[in-house]
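Down below are the structures I want you to see.
Both complexes below contain subunit A, partnered by subunit B and then by subunit C.
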Partner chain A sequence: MTALTAPKSTNANALLLLLRLRTFVALILVLAFFSWAAPNFLSTANAVIVSKHVALNALLAIGMTFVIITGGIDLSVGSIVGLCAMVAGWLMLNGINLGIGYTVWFNTVEIVLIACAVGVSVGIVNGVLITRLGVAPFIATLGTLYIARGAALLSSGGRTFPNLSGSAEFGTLSFPFIGAGKILGLPIIIWLLVLVGLLAHYISRRTTLGRHIYAVGGNERGAQLSGVKVNRIKMFVYMFSGFCAALVGVVIASQLQASHPATGETFELNAIAAAVLGGTSMSGGRGRIGGTIVGAFVIGILSDGLIMMGVSSFWQTVIKGVVIIAAVVVDQAQNKLQARVALQQEAANK
Partner chain B sequence: MNLKRRLLMSAIAISMAGALPSFAAAEGTIAIITPSPDNPFFKAEADGAAAKAAELGYETMILVHDDDANKQSELFDSAIAAGVKAIILDNAGADASVAAVQKALDAGIPSFLIDREITATGVAKSQIVSNNYQGAQLGAQEFVTLMGETGEFAELLGKESDTNAGIRSQGYHDVIDQYPDMKMVAQQTANWSQTEAYTVMESMLQANPGIKGVISGNDTMAMGAYAALEAAGRTDVIVVGFDGSNDVRDSILAGGIKATVLQPAYEQAQLAVTQADAFLKNGSTGVDEKQLMDCVLINGENASKLETFALTE
Partner chain C sequence: MTETHPIGLSIRGGVKVYPGTRALKGVDFDLRMGAVNVLVGENGAGKSTLMKVIAGVETLTEGTIEMDGQTLTFRDKGDAVAHGIGIVFQELNLFPNMTVAENIFIAREPTRFGIDIDARAQSEAARALMKRLEQDIDPDAPLGMLKIGQQQVVEIAKALAQDARILILDEPTSALSATEVEVLFRVIDDLRAQGVGIVYISHRLEELIRIGDYITVLRDGLITGTRAMAGVDIPWIVTAMIGEGSKEFPRTKVANFGAEVFRAEDICLPRLGGGYAVDHVTLSVRAGEIVGLYGLMGAGRTEFLECVMAQHPQSTGRFYIDRAPLVERDVAGRIDRGLALIPEDRKRDGLVQIMAIRENITLSALARFARWFHINLRAESVGSAEFVKRLTIKVASAENPVSSLSGGNQQKVVIGKALMTEPKILLMDEPSRGIDIGAKAEVFRIMRDLAADGLAILFVTSDLDEVMALSDRILVMADGCIAGEFAPSVGHATVIAAASRQKIKDTAG
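Then we have the complex of A and B:
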């Protein structure tokens, strides 16, 4: 019996390994394709540019991954991006008027911190709605999607905050540096991705918090019974997601040196796509930060590569959809195969 | 329960009746329906129409359809119910808006269209649109001159489902393609969006480092593209936009973007209100239904006179 199944199971194991690494395989495939098909794609300078574009979506997707692992969803991230961009723009141009003839102005660091605080606050609202008021995550964050976008529009009456190049008087000259500046030859947004990525990876793999995040998504009732503070864990993931979105908002405002209230529309969908492509299960309990980042790179390389090839944006949209569905189909295949291999091994061990 | 509901209804009826005389006190109310004012262009339309209406003694009712034809239809119902005298409309779709305008006409309310046409004639009293084709040709001619009639360039297209995106691109090419040394090396949509234009520009620049110029379907995309060029240290690249926004005006004055084309949104909306007023008083606008307004080239010479989509003298 053992002799008969052994070669089969080795094949299955090899296939399983390939399926597990599918996002990585997809990454190598798209890289190889565009290096061949798109002019100047394979260059250090372009690698930096692509990473810079990917970093925005990857940051959102990291926050989204934690949320999805707990079995939730955060639809509000795109609106938080817009709101935080507007907060940064507002603080740069208007300061905060105390109403008694004084206006408080902030320097770059303070502006970044306040914008992040706003993002985290929206996350807190999401968390409270979900944990205390029992609103389903999809509905709660759909609500905050509208509220945050509306607030962004209200902040400027729908206008763009232009010319955010900073002023020496208020210590904001360094604001454009966030989007355009480089450290050791790499744009700051890439360093942000590296930092947040490592932090999130560390949390998910090495900390109790991380184990609890997986536990909540895997079996919420079971986690609760074994002493996991489920509500606290959920609060954390939505706050973290809000924080990531705030970073993205600030970076975009700085890159464009302008903030527009429609910034970040549909970003939430790209973030979900990256997480799913990276192997995060929408039903919770399963997902990896590394996978999500690779997923974001696959999507980003696809769209940048197609732009460089001059392919119509209509096709870009279709292709993105196909890739996402393919990823989930492969995911299902992996699950089935995994179950079969496990059964075979069990049978073999008997 | 029933009594309560009846009381509520009568309360609403009384409050509505109370609200109506305040409309009637003036010449009547004009409804101004535009896409979302998060684009300053549409805001200028609404502001221009409202200012003119106030000047002529009308009350205004400013509504936003967010480019949603269904919402637009509902807004028409509300405007008809409120008994407005006329409707100024920047519509939500050439085909999808005909029924709404017809509905208003059937209720005895004339509509005056600005910025975008509908596919039917005889339904609206006026259709005043900017001559996008003429404007694009102006922009393209300036672009060709700035480029010295030679070199590689990229084009940023607007949302491809929007007719104006196509008309502008056509206008650009009908001029530029006459110059054999002008070579388009990249053409991509950035969906009218500043953020998208930024990333698309970065990628196009990677694929084609020899780009000397960028011609853009609108000003927001021109702003995004210029930010990307600035980040790449390529401020030598000539950027030309379309719309005549204050942001691009400031950039032109600071030596960034080189030129744009003004669509006189403010003036156009005012003209529509003037024609509405003429129609209400004399039963006729006195002009043809379809009217084209010429666009104006904005560059370093006249940029300082530009303010919210209007040139001051």
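Then we have the complex of A and C:
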């Protein structure tokens, strides 16, 4: 490296580092702004409340991140949230009528497992449509978005399943605990986020599965010719996304102690927003679980903070849109700068 | 003859310099109207460059182009088109989702008031063109419904619609079946009769002799023979193409081959529109042996390798590894059985560009560094570093994206990835494509070393020197079939002749 180019590329490198950490920088900026503009924003109590809100979206966004890294998209997650909430409500109130005058009832653990199985099943349907029948991910999951939402509405005739407070007889008294309970002073949903987040991070960084997810998104044909079982990888990401959505559905049903068939509408868009804000590339191959979680926090803090400041929710919507577009614009700038720095380094090496 | 075929375009002292190479070294070329001007030469001889210069795609570094007594410079392809020069590239530039007429008039649509496309005028003009070419093609049919040969006719019509008086055809028959070739030749005959000057580039020597009126042979950027076609035979062309003293590559050591490792029996791959892209191919490779599979463009070499790598579920036939049948139907299964492929197109098939060098090298063999799901990152680093060293891949850090490497080093990464699966047989498709001479020599050295260690190698190439220099045994493919099997000591001429489907024994090299 010559003396002439050295300071220039150091500057570029510093800027590049800043751009790489942009989601984190954005988080700090948003936090700093609201702690100045909204009193009580930085209190522990408020932090827990905000985290509870964020956790739901972050869980969905984690599943979404894997899907987007493979180059796909999952529009059905919001509907899966609704469907799984209804499944939980149905099982609590009605059990399963075997049609011979005998009804099977389930305890809390069984209900959670069944709801998760339903979410994973929708993921399997998505995966089969995409890998076996060659339907584009956007269309396949748009279809299951409608189907799952329709099924949720059909389950109750469009009505709410109320009073899901549980009964001692069937071992469901613990159901409200999922949404309201705390372990070591933190709400269960936050523990769930930590758990799923760590698991997903581990998968993405340290497992063959994770490596293959990135390879499929980076070059599907190349990955296939290298012996990656592309279809299996795609099946996994849609199943995992369905699983995350099912968890969110159960938590919401438990928090409200009621399940409504419209639960989770447009959640898929928030999840995509968090993933994109966190640096996940819509063209596949790039993205990190940590980035997605930080992205979800930026969005969540933004909306909660604006509420505390008394800004109209209409403006919040506008601001959210601006932030997402800004994130992608910065992403493009980073790519260009990265290419330039790489060229400079190459020139310097020669 | 000169009287009947006036010169329509001539190049004097044409020199074209690319960074690092002189593709044309002072070429004098006359293009005669109302005749088929054949251009022939080995890969890299300068045919394509000469053709691109005429079509305005490239400009000459030195020398002049003259038309009708005037010296011209074509700034771009549009300039050449304005002078009545059309070109049909080997890769067709058409839109399968649009109709024939829309394709012919793409970006030059006849309009009313500059806005509304006059679809009827467009269709009529297209119909008139098809009539001129004596082709029964419906102008309103979607292009994607046509056979490849018909699509080529559409491409020719597109050039004629722009009043082309000179038409360049680049390997027009490489993707055509025998009947489609006949159709094309009829079209060419008609155009010739109408006074169009045709430049015809092909590797198929018999075809050239049949269709050509004048022949120009290029070798290493120089014209080594140019004359009227009358009296030209294949030996003359071959001599002009490769020179009098055919290059010999003596074997440095007598190889010691082991048992048969890989065997393909009766492999067939049906071609769209009838016939076979791979036609009952049977071959085998022994341990430590390098078998070169030589063939011209479209001979079915790449398709054969794709069959081996389970890319064509509709293919038939049997494979054996170590004499046991290969029944796995997916790539992962076949890799496990000891097959590995170095694909022709590194960017598209070989590498995940945005991943690190380390991640690319270990992609096929990740299981080696993993227990269940968990990857031992340290073992992976050590493993990839070992291959970086063994294959002398020049990297600043194995953590850099693979896209930061030069072509030769990228190719070594692909080789490393294949070797990491500990294959029994290595399939290489055009292993030296797109890499510089130094890297090429290194890749060849690596191949030799691997064979010496007992690996069976089957490599595919369209470079004659390469197949002669590297192979222990040469197989020639033509039209999907194995057209001949030779020892590397055989002359260039024999191999070329076999590849262009000429069954001869007495051709001098």
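As a convention for this text, the second predicted complex is superposed on the first by the 349 of 350 C-alpha atoms of A that agree within 3 Å, B and C clash if a C-alpha of one lies under 4 Å from a C-alpha of the other, contacts with A are read in each partner's own complex, and residues count from 1 in each chain.
We take it that a residue touches a chain if its C-beta (ideal position, glycine included) is under 8 Å from a C-beta of that chain, and two chains touch if they have at least 3 such contacts.
Note that this is a predicted model, so its numbers are computed, not measured.
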Inset, instruction - Would you mind checking whether subunit B and subunit C clash or fit side by side on subunit A after the superposition? - result: fit
Inset, instruction - Would you check which partner chain A:H201 touches, where first means subunit B only, second means subunit C only, and both and neither mean what they say? - result: neither
Inset, instruction - Identify the partner contact of A:Q255: answer first if only subunit B is touched, second if only subunit C is, both if each is, neither if none is. - result: first
Inset, instruction - Between subunit B and subunit C, point out the one touching more subunit A residues. - result: B
Inset, instruction - May I ask you to decide whether A:F314 touches subunit B, subunit C, both, or neither, giving the answer as first, second, both or neither? - result: first
Inset, instruction - Report for A:H53: first if it touches subunit B alone, second if subunit C alone, otherwise both or neither. - result: first
Inset, instruction - May I ask you to decide whether A:F41 touches subunit B, subunit C, both, or neither, giving the answer as first, second, both or neither? - result: first
Inset, instruction - Would you please give the vertex angle at the Cα centre of subunit A, with arms pointing to the Cα centres of subunit B and subunit C, as a multiple of 10°? - result: 120
Inset, instruction - State whether A:R20 touches subunit B only (first), subunit C only (second), both chains, or neither. - result: neither
Inset, instruction - Check the superposed model and tell me the shortest C-alpha distance between subunit B and subunit C, rounded to whole Å. - result: 21
Inset, instruction - Pick out the shared contact residues on subunit A: the ones touching subunit B in one complex and subunit C in the other. - result: none
Inset, instruction - Flag every residue of subunit A that touches subunit C in the complex, lowest number first. - result: 203, 206-209, 211-212, 214-215, 218-219, 221-229, 285-286, 342, 345-346, 349
Legend entry - Complex contact set, residues of subunit A against subunit B: 38-41, 43, 45-46, 49-50, 52-53, 153, 157-160, 162-163, 179-180, 252, 255-258, 260-264, 304, 307-308, 310, 312-314
Legend entry - In the complex, subunit B residues that touch subunit A: 36-40, 43, 160, 186-189, 191, 193-195, 198-200, 202-204, 206-209, 220, 223-224, 227, 230-231, 246-247, 250
Inset, instruction - Under the touch definition given earlier, write down the residues of subunit C that touch subunit A in their complex. - result: 309, 311, 330-332, 335-336, 341, 343, 348-355, 359, 363-364, 366-367, 370, 373-375, 377, 396, 404, 417, 421
